[in-house]
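Before any comments, here is the structure.
Order as written gives the chain letters A, B, C and D; numbering starts at 1 within each chain.
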Amino acid sequence: MLIIMQPTADKKQIENVIKYVENQGFTAHVSNGEVQTVIGCVGGKTIDKRNIELLEGVREVVKITSSYKLASRTFQHQDTIIEVRNAKFGGQYIGIMAGPCTVESEKQMEEAAEKLSATGIRTIRGGAFKPRTSPYSFQGMGEEGLKILRKVADKYDLAVISEVMEISQIPLMLKYVDILQVGARNMQNFNLLKELGEINKPVMIKRGMSATIEEWLMAAEYVLSGGNREVLLCERGIRTFETMTRNTLDISAIPVVKKISHLPVIVDPSHATGLRDKVAPMSLAAVAAGCDGLEIEVHPHPECAICDGAQSLTPADFDELYKNIKKIADVVGKVIQ
Amino acid sequence: MLIIMQPTADKKQIENVIKYVENQGFTAHVSNGEVQTVIGCVGGKTIDKRNIELLEGVREVVKITSSYKLASRTFQHQDTIIEVRNAKFGGQYIGIMAGPCTVESEKQMEEAAEKLSATGIRTIRGGAFKPRTSPYSFQGMGEEGLKILRKVADKYDLAVISEVMEISQIPLMLKYVDILQVGARNMQNFNLLKELGEINKPVMIKRGMSATIEEWLMAAEYVLSGGNREVLLCERGIRTFETMTRNTLDISAIPVVKKISHLPVIVDPSHATGLRDKVAPMSLAAVAAGCDGLEIEVHPHPECAICDGAQSLTPADFDELYKNIKKIADVVGKVIQ
Amino acid sequence: MLIIMQPTADKKQIENVIKYVENQGFTAHVSNGEVQTVIGCVGGKTIDKRNIELLEGVREVVKITSSYKLASRTFQHQDTIIEVRNAKFGGQYIGIMAGPCTVESEKQMEEAAEKLSATGIRTIRGGAFKPRTSPYSFQGMGEEGLKILRKVADKYDLAVISEVMEISQIPLMLKYVDILQVGARNMQNFNLLKELGEINKPVMIKRGMSATIEEWLMAAEYVLSGGNREVLLCERGIRTFETMTRNTLDISAIPVVKKISHLPVIVDPSHATGLRDKVAPMSLAAVAAGCDGLEIEVHPHPECAICDGAQSLTPADFDELYKNIKKIADVVGKVIQ
Amino acid sequence: MLIIMQPTADKKQIENVIKYVENQGFTAHVSNGEVQTVIGCVGGKTIDKRNIELLEGVREVVKITSSYKLASRTFQHQDTIIEVRNAKFGGQYIGIMAGPCTVESEKQMEEAAEKLSATGIRTIRGGAFKPRTSPYSFQGMGEEGLKILRKVADKYDLAVISEVMEISQIPLMLKYVDILQVGARNMQNFNLLKELGEINKPVMIKRGMSATIEEWLMAAEYVLSGGNREVLLCERGIRTFETMTRNTLDISAIPVVKKISHLPVIVDPSHATGLRDKVAPMSLAAVAAGCDGLEIEVHPHPECAICDGAQSLTPADFDELYKNIKKIADVVGKVIQ
């Protein structure tokens, strides 16, 4: 931590700051510049830097270590590669997760699984518990939905990803699901994250709509610090002033996160844009920018979907898209698995 | 719901849309304008308007009823006034909640309660379970903290507000706390909101950092629709591009919400700005703009606070501020209780 | 325009609204729904819809025609293709503009032009007048810079794009430059836009940092309505809460604009991200998402660049990137020209 | 400037960085911490910090001097007080500017001036050149409007503020106007700002919709560095994701700017909110938060206004508001002039 004093700070103010940080267990190194004094601090415990910024004569406090450790490339240089059944995410591998927003019936999921499997997909998605903005909307099939998911996945040898909304749902999820997804609205549900740190299945954390990249990595840190090292990050759009898309998909987050973290970065173009005809271009853009996976909504009959049909592709459209995804993966030196 | 067709839409496309909405249970009223056709739809069930927007020839779909009902002034014209012990929020009343960010010890809370009580405060705040961005930060005293809160509150005849983070904590909260606070990060934790709809104590919902006013009211709707009609809304800053304050306190949300909803609007200037010297001007601004309450962090010794000391006022500063709050309340025709 | 009344609006209020709009020259069509009355208005002049929203009993006013006309696909269905020397932008063509941020010397530009030309580039960029946030920064070479640009461009048979900051600079620009660029900070400098509507050279309008897509198209409308139909749009990042990139490149704006407008959409990944190592992934992403051109900063010696060296590619890196751009263009059915 | 190296940076990388900054004229002071090395740099010219951040082994570069100098309290500790005719802005004084959005006729302005003067207002506003998002909207009366403004102002002994959009309009403005206003869309029109640095009348700079406080102060710096020391800053709302108000009025910018700059801070609640019934609460909030002035739209007949009638107060409403403004100014120790 560096404490930058005001150019006008006097000797007494500087001494006062030094005393303060030493009381917190830091060792202070003072360097008197031409314009102002800078105090470097090492050791000491975690501290709220604003406490120091409020001391007389202080201009600014700069933290020089990042708050996330286990998620950073400093801790682990090599890419984390997560393998679930036949799917791989990270490193040179791109994994594609696809399926309906919501599990509606066995017939629907059977049809979805059959077609996705024919395309070459290795992970199926589907929601059993649904976070809905309105209390008056359909809230999901619950355990019945999870059973259906598992059954069709096993038949076609697919991995299953589904969203967990609540601590009490974890045991149920572990029984039926291979990857537990944390939704954007729960990205800072710290109690849930802590519990997920203690399971031994991969967790995919969606970026909160207003979460900075640093906060997103801190959410991952909650899971990692509990001992669970299989974390996937999923970019799904951030909230901005633009209203022509539901959210603004932050494609540049892909190379930014890949540089500072070893965790795989997945992209969800369906929720980010909210409209079917934007899903294909944004999927291709994400792969071109270096993502490690995609999560795409595909419904056998989008026009009848209970939820988010407007952003779901038909299996035929998806099959078409998949071919182009493969070609672009090839250009950037990646392999679909 | 109104469906506005493209100026270029042909007869077949219009018929197709009519057929679609009639299948969903709507009655369609077609009006052929000079430029384009508009189809008014009544009856029918809740529908994702994007499904219609994807039909050929449709330009835009406009919903003409709001998604929140119980929270709106259409449902209840008169202001909701919430009374807890001696405090009142809403209507002509402004209630002030004050206290430390975190319960640290009985000594700390005793000192806080004594001083706040001397100033005239009727509700004390304090966190027992803390949502922390970092897994490595202090996570709160738990039940021990709640017991302390209750004890000092009873001694000085104060109401207690504290944050609930998790469904499993609700029974504990009900035992010790008068108002249950839902944090900004949990504003769309729908399972938690649903459970809070079934208790019989007031719930204060903080606005999520990237939540629109409509989403905030929908969160209130979750609690209201469960049968609990005592909901307070709390503005605590939204996330914007500006970094000189932690968040941007959306003061204009006060008159906006007051116009469309009957629920009391509280403002938390401490978390919004994150800096002690901004708390007083923003508190006065909120009262001048018509808020129904304030939640302010006050710590007997901010420099020793475990958490958020940088944004906490001393009891003496707060006492000073309180006098000005009263004067401004008087200008806008409100009473502090 | 549709006027949606409150469910509680009474007969007198409805009549009052009708009288108001008829006074403004509109014909009113009333339709009484089960829940509320909707008044459709045709004819009439342009009107500020807030004036109606303030009338008693009005819930909301919905405009059903877009404010931009000449920029829309309703006005012109086919893609506008802009040809400048050997370069083409729009339709199936992707044009690449490359070069240094600022013209610094003839030697620098000669070296840049030679290498870019060898790679296959047909349009060179370079700033002669620079918009700088600080008054203490280098402000550009002025006419001397434009002369250099023209000279090297002619030698290698390249088109020239450069930024115009001020009405008084237009005659000079017309003498030396093939495409006049309007910077993001000037996107709503309406006097400048009006003047550019009267020239007969293409104009490229960068999206303002906080401009919605609709405002961006309205800026284009200023130029188009003056009679100049050669307008290119350039996405260069919007301002959001995320600070790890300078701006957030809104890649999804590409398919959104392509759907509603016939104008070519160019992307500038250099200014959006502000960092060299993010330029390649974002260039590929933009092409994968369907853009009609790229504007990329390339400097023969980025480490010596007066301005924005940090985001400039070396000619060698750019040559490498160009190969991948071509491959991805091929996947999405486009041709680089 | 401080250069913070990666914990993993080796000796050669550190030496390379030192050599780089010394070549730029800096003196480097190396301090080897337990975790990482920090290099303090003094002297040297202005430098793009990203150039250093791209060197191998560098983690982050922190600038420790602010980019604005003349606008800062370090340069001038005392509040700047600007006096124009009988009005004063800054220090203990609050100046109120009021009047119609646009000058429409002499009759309109005469009526406005008479009523505002009766209320006690000392500065009248009115637009003669209008920045309009649409090329199809009314663009202002031009010089004729300025003449009217001057005439009625002289009759009632008022100062005049009006917006300048273009360098070529400056001579005209100087002839008729006392304070030249720079609109939000022109906040980074650097050529215009430079010219305004050379006039000897006060300039009021509106904050750009997506401008950070630092960029706003840099815009002021352009004017100040030209020699014109009479600059007023005007907050008028920033662009956020919330759509229920036109912009989000950043009230907290008032205490933030007042702390770091000596320039007066004015607030425009009319443009920020865009709706008449929000103007009063936001005016009071701004005064409570410590602003040095208000700019409010008042029209003798808002329902007939050519422009922005929806956000204009009637003279009677304004008179009422003015009384409360005075009372709140009194609470915070300020005087209306």
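FYI, a contact is a pair of C-beta atoms (placed from the backbone, for glycine too) under 8 Å apart; a residue touches a chain by one contact, two chains touch by 3 or more.
What you see is a predicted model, and the numbers here were worked out from it, not measured in a lab.
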Checklist outcome for this item: Chains adjacent to subunit A and to subunit B under the stated definition are C, D
Next on the checklist: From the centre of subunit A, which other chain's Cα mean sits the farthest off?
Outcome noted: D
Checklist entry - Distance-wise, how many Å sit between the C-alpha centres of subunit C and subunit D, to the nearest whole number? => result 26
Next on the checklist: For subunit A versus subunit D, what separation do you get between their C-alpha means, in angstrom?
Outcome noted: 38
Checklist entry - How many Å are there between the centre of subunit A and the centre of subunit C, using C-alpha atoms for each centre? => result 31
Item to check | Where subunit C touches two or more other chains, by residue | outcome: 210, 238-241, 243, 277
Checklist outcome for this item: The subunit A residues in contact with subunit D across the complex are 2, 4, 6-8, 29, 31, 33-36, 38, 40, 42-43, 59-60, 62, 64-65, 74, 239-241, 243
Checklist entry - For the complex, which residues does subunit C have touching subunit D? => result 46, 48, 50-51, 53-54, 67, 131-137, 165-168, 185-186, 188-191, 193-194, 208-210, 215, 218, 221-222, 225-226, 238-239, 274-277, 303, 307-311
Item to check | Partner subunit A, residues of subunit C touching it in the complex | outcome: 210, 212-214, 238, 240-245, 248-256, 259, 272-273, 277-278, 281-282, 284-290, 324, 327-328, 331-332
